[in-house]
Amino acid sequence: MEYPKDPYISIHYRKYLGLDKILSAQHLRSADLEKPAHDEMLFIVIHQIYELWFKQIIHELDSVSKMFKNDYLDENNIATAVSRLDRVLVIMNILLEQIKVIETIKPMDFLEFRNYLFPASGFQSFQFRKVEVMLGLPSDQRITYNNLPYHSPFTDEEKRELDSIEQSGTLVTELIAWLERTPFLKFNEYSFLKVYKEAVNKMIGKEQDAIRQSQYLTEQEKEMRLAMVGNTSNYFASIFDEEAHNKLIAEGKLRFSYKATLAALFIKLYRDEPILQVPNQLLERLLDIEELLTAWRYRHAQMVLRTLGRKIGTGGSSGYDYLAKTAEKHHIFYDLYNLSTMMIPKEDLPELPKELKDKLSFTFTVK
Amino acid sequence: MEYPKDPYISIHYRKYLGLDKILSAQHLRSADLEKPAHDEMLFIVIHQIYELWFKQIIHELDSVSKMFKNDYLDENNIATAVSRLDRVLVIMNILLEQIKVIETIKPMDFLEFRNYLFPASGFQSFQFRKVEVMLGLPSDQRITYNNLPYHSPFTDEEKRELDSIEQSGTLVTELIAWLERTPFLKFNEYSFLKVYKEAVNKMIGKEQDAIRQSQYLTEQEKEMRLAMVGNTSNYFASIFDEEAHNKLIAEGKLRFSYKATLAALFIKLYRDEPILQVPNQLLERLLDIEELLTAWRYRHAQMVLRTLGRKIGTGGSSGYDYLAKTAEKHHIFYDLYNLSTMMIPKEDLPELPKELKDKLSFTFTVK
Amino acid sequence: MEYPKDPYISIHYRKYLGLDKILSAQHLRSADLEKPAHDEMLFIVIHQIYELWFKQIIHELDSVSKMFKNDYLDENNIATAVSRLDRVLVIMNILLEQIKVIETIKPMDFLEFRNYLFPASGFQSFQFRKVEVMLGLPSDQRITYNNLPYHSPFTDEEKRELDSIEQSGTLVTELIAWLERTPFLKFNEYSFLKVYKEAVNKMIGKEQDAIRQSQYLTEQEKEMRLAMVGNTSNYFASIFDEEAHNKLIAEGKLRFSYKATLAALFIKLYRDEPILQVPNQLLERLLDIEELLTAWRYRHAQMVLRTLGRKIGTGGSSGYDYLAKTAEKHHIFYDLYNLSTMMIPKEDLPELPKELKDKLSFTFTVK
Amino acid sequence: MEYPKDPYISIHYRKYLGLDKILSAQHLRSADLEKPAHDEMLFIVIHQIYELWFKQIIHELDSVSKMFKNDYLDENNIATAVSRLDRVLVIMNILLEQIKVIETIKPMDFLEFRNYLFPASGFQSFQFRKVEVMLGLPSDQRITYNNLPYHSPFTDEEKRELDSIEQSGTLVTELIAWLERTPFLKFNEYSFLKVYKEAVNKMIGKEQDAIRQSQYLTEQEKEMRLAMVGNTSNYFASIFDEEAHNKLIAEGKLRFSYKATLAALFIKLYRDEPILQVPNQLLERLLDIEELLTAWRYRHAQMVLRTLGRKIGTGGSSGYDYLAKTAEKHHIFYDLYNLSTMMIPKEDLPELPKELKDKLSFTFTVK
């Protein structure tokens, strides 16, 4: 402990922030080896900053995860969860921006100290792995790097920690469980799936009729437009048919259960109902995180390509190849992308039964 | 109209976007006068882009304003209002970033065409004035520029439009009216003001006792800490006393009515109650707009300073001085800043009576 | 012409900027068809803004290209070229940021007007194609979209314009020609290639000796490190051997001629010599453009994925697939990435002969 | 030392980066006092990150300062100095962006731990003061905070370090000395000042004649335009008259000596001459630093206002007031702003004598 347990003790900025530790943790290998390389300082400092941001992200994800892990995600908490994810997003934007700082280390300057660091690499960052696992990246869908299992650089204790997070429930599995508990999908006579199916079919039929009756389109154009509409109807196949959906899960193309998918769809379609406004924000933020994480992986790969080159003409795979592949494959909330294909325009969206609509509102309205 | 009223007509990107108009609207004065200046193109293009963004911001503010102007801001609409303000904020961040583009016009290059533009200036932008008026900048609190009334550069029709917006209700006046309609402040026996007052006094008393009893503080330190606590209690004076509040309004230091201020305070303190989560987001977004608008004014002033200099040694006031003063004085939602001084920590926040708490929740909870 | 040819006429902001055209060019199809969709305004406005930025980028690239097309890129011009590319980069950063604005159009809101726009798409943007062609994207390396040639959406005149740019020399071909004219590579007795070869071999030999003599490494580790060094030496193969280099060109993996590659390598290695400082900045900016353009393509693809979904379960390829492929394949200055693998650390870089070094300096030094 | 002095030892990411120190330096006072506040983690982490960035900025400024402190700023070094300042600027952009992260701590959440931190504040950051002093903020022009001298929070050793930097030469004093050594201002018969004076007078005369002879302007407009031109000529007064310049120095309005000002003016006007291209970039970067530092101070003040409020109705000055005043007064390179008023357009810029022009070029041109 840094300070006695007294709220009235006089605090100094430097001691409070542990700056003696923080600012003395930069050991330049190149200086130790008596060939000081100016840019190694930045290389160290920026990686330390990345790790501090990761620590903060873990702190936020951990608190959100705890809210989910309770019996239910208390409604009083959803806005807090949303604003903590908002914070994660603001930080992730910084992580992306910071790549511009690393890129100020030019290839020739990096060579001055690169050899001394072998085999240290970001692949050994425990906290980054932890973030991935907390979010829900499954360990069996990971790209391997030089054929090494993803947790090979870690201690036994660290490995156990990662395994335990994966087993006790990640953000994606908790989200699925929360969605599955959504109670509105069936309500007395009302069945969301049935109503939605009818609406989709009606929408498609209406469109087809209009095309057929159009005086403007040529026959060929009619055919093409009808084919497009037919294509559209395919997107809905998996949501109309639980088995088709489960097949896509088995193939690794989807992760949300059928029930969770329906609930997420309901929330997105009826996002304007008071009770669904904040849950809809929650789904949006998770998609934002997916997108920014992927963007960061991609920019990270670009930066490595720029600094180390593509190594044309040699056989070996490169850091760039590994990172670019993680951008392509390491996805977490991809089910939410899929929902976009199942949206219908507001004018085709069936009204909720009055009784249900009332339940989704406040009894005490702001008049 | 660009296209016939037929949904099936084949649309081309160029025609749909009116690019023939958009891309032929760059007339370089320097070229007309046969001394083409390379950088005048950017000067024109970026101002056109600013005006397009202003058009979009007006489109969003107008829709939000219409929601407010209804009998009441329908709860189904609040999340929509929040997400439209979110969009305005994303755009305002771009406005800020774009200043870096203008700054690539160096002073010496600007001089190549500057003389030909007299007296054109951003002061003549009707849309920017409209944004200010829609938000609620009062015309009588405006800094004058070269002693000109702010709407001197506009046509009579434009002046009437600005006046009419100001009279029919701006975002800030509609916000005040909406806050005043908040129904929770008195509920059966419950009076928010009374409960809040007690909580504040208790919090202050607790702090004072603790200081007096502290074994750690010296007498001198005790005195200083007690003085600080006393100072804190002053911040609450205006919210405890309607007359003090109204005096600050009369002095032009506050704009929210006493009732609206109490309601905003209630929303911010009990932001976690389901019914208040999105209204709290609304207040946050308005503060964000205030902050970004001010930041933009400031950066705009900095950019002008950099391009045109400070004109040391001459008597005249400058574009920089005018812009810097607008950053200092042209504020709109400043009452929301003031609320920060009236917050109390969660542990000192009184529980709401159960009956009221239930009213603020959903009857149909996500279990 | 908007104004008479008189420098003293009084200019109004609105008329100077052609705002009557600019602000009347937003025709919402949804409004024409009497189903006004709020978000169509943003959809139109942001695309107009993109086109204005493209116009500006074309203006800058065109001026840089003209400098290159002169007998030689006059040294007095290089800094101007660099600062115009700097401006392009600041704009490209804005293009990237603006994707966040489009993403505020949610899938369900896009559906309200999407059908009315068929088949308009960004694929029909003439200016974007022009930017690509001006930079030097070869038309025969383009990804096709629905099997359409890339200039199928354009008029004959537009097609001729694109072809003519490609034939008369793009930025990449002019860059190659400029690099080939670099005079320093052979100077009296001095041959850069010879000296560089020796330096690389010496560097590799030194490293191998040190590994073999290390008392710290195990035999197995020695082997691995030696293999790594051997691998490194492969990167240099193509630069040591003109034929190997030309083979990579024939395979489409490189574009720079052997001579241009050597010159670029010389500039990057001796970037600190006064005469090479600004040319090195030029190479850096072109790499920055490559990187930002690719990042923009990638983010654009992500945005489309988010708004339109991945269309799992249907056969057709999607806008996302096309865009993601262009991010992967539409590269222009990739030879510059390759140079990174050929750098050597400063301590292994041979001194230039004094006579040459003097030639690369100013005769009139700032003392 | 963390690792033995052996280049072949196997390095682990965690140990290399000192992560055991870095990630164990977060001690939440609120947790120690058994009232854990979620947001205190972010409060600590982001300040630690700021300090790490400050350490890096100091590392860069120190290296640039050393280049200046040598007998002369070797031309081989100028591009390196520019690229290190570029790095500082990329970092400063991140510092600005990071304010958005702190702003996610809402006033009510800050109150949960704010009382435990007394009197710690950013005012106690030694590294930030050091950055200011290294750049050249004079200690006698500082705003005081609660009447405390700016280095009151520091140890004797720290105070000595700050004083010693100030005495041994800051970036601004070294810049002035470097500018004063510029040799081109007088060259054989050529006197820059004389030629420049004539050019300015000719430019003003030409403008006046054209106004008088204009058939377009009314008499009243002529008068106004002539008055404007007369006003312009005032800006040049201080640069034409060494005494007037020195008076402005004595009044604290300028800092650059007369000679340094002339040299900076020469560099900016003839920035396209090969030898002046990189020096001109150097001056631009310093202005960028001035601007970003001021923008950061301003945004910092805005953030404090938002979190702590304006404390309307109490007498005390606030953190906001102090910070806003530093944005207004703590300037360093303001002389460079002043130069903008002394620019003349390219067409009025006199050609350099051929002999001098040759001296400013390379003898070995890229043909």
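Per-chain numbering from 1; labels A, B, C and D assigned in written order.
FYI, a contact is a pair of C-beta atoms (placed from the backbone, for glycine too) under 8 Å apart; a residue touches a chain by one contact, two chains touch by 3 or more.
Just so you know, these numbers come straight off a predicted model, no measurement behind them.
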Between the pairs A-D and C-D, the one where more C-beta pairs touch: A-D
Centroid comparison with subunit C (C-alpha atoms), farthest chain: B
Subunit C and subunit D: spacing of chain centres that average the CA atoms, whole Å: 31
Intercentroid distance (Cα basis), subunit C paired with subunit A, Å: 29
Distance from subunit D to subunit A - Cα centre to Cα centre, in angstrom: 39
In subunit A, residues with contacts to at least two other chains: 7, 10, 115, 118, 225, 271
Subunit C partner contacts - residues on subunit A that touch it in the complex: 35, 107-108, 111-112, 115, 118, 207, 225, 231, 234-235, 237-238, 244, 248, 253-254, 268-269, 271, 287, 291, 294-295, 298-299, 302, 305-314, 316, 334, 337-347
Footprint of subunit C on subunit B - complex, ascending: 1-3, 5, 7, 10-14, 16-19, 21-27, 29, 32-34, 38, 41-42, 44-49, 51-53, 55-56, 59, 63, 83, 86-87, 90-91, 93-94, 97-98, 100-101, 104, 115-127, 153
List of subunit C residues in touch with subunit D within their complex: 6-10, 72-73, 75-80, 178, 181-184, 210-211, 214, 216-217, 221, 225, 271-275, 277-281, 359-367
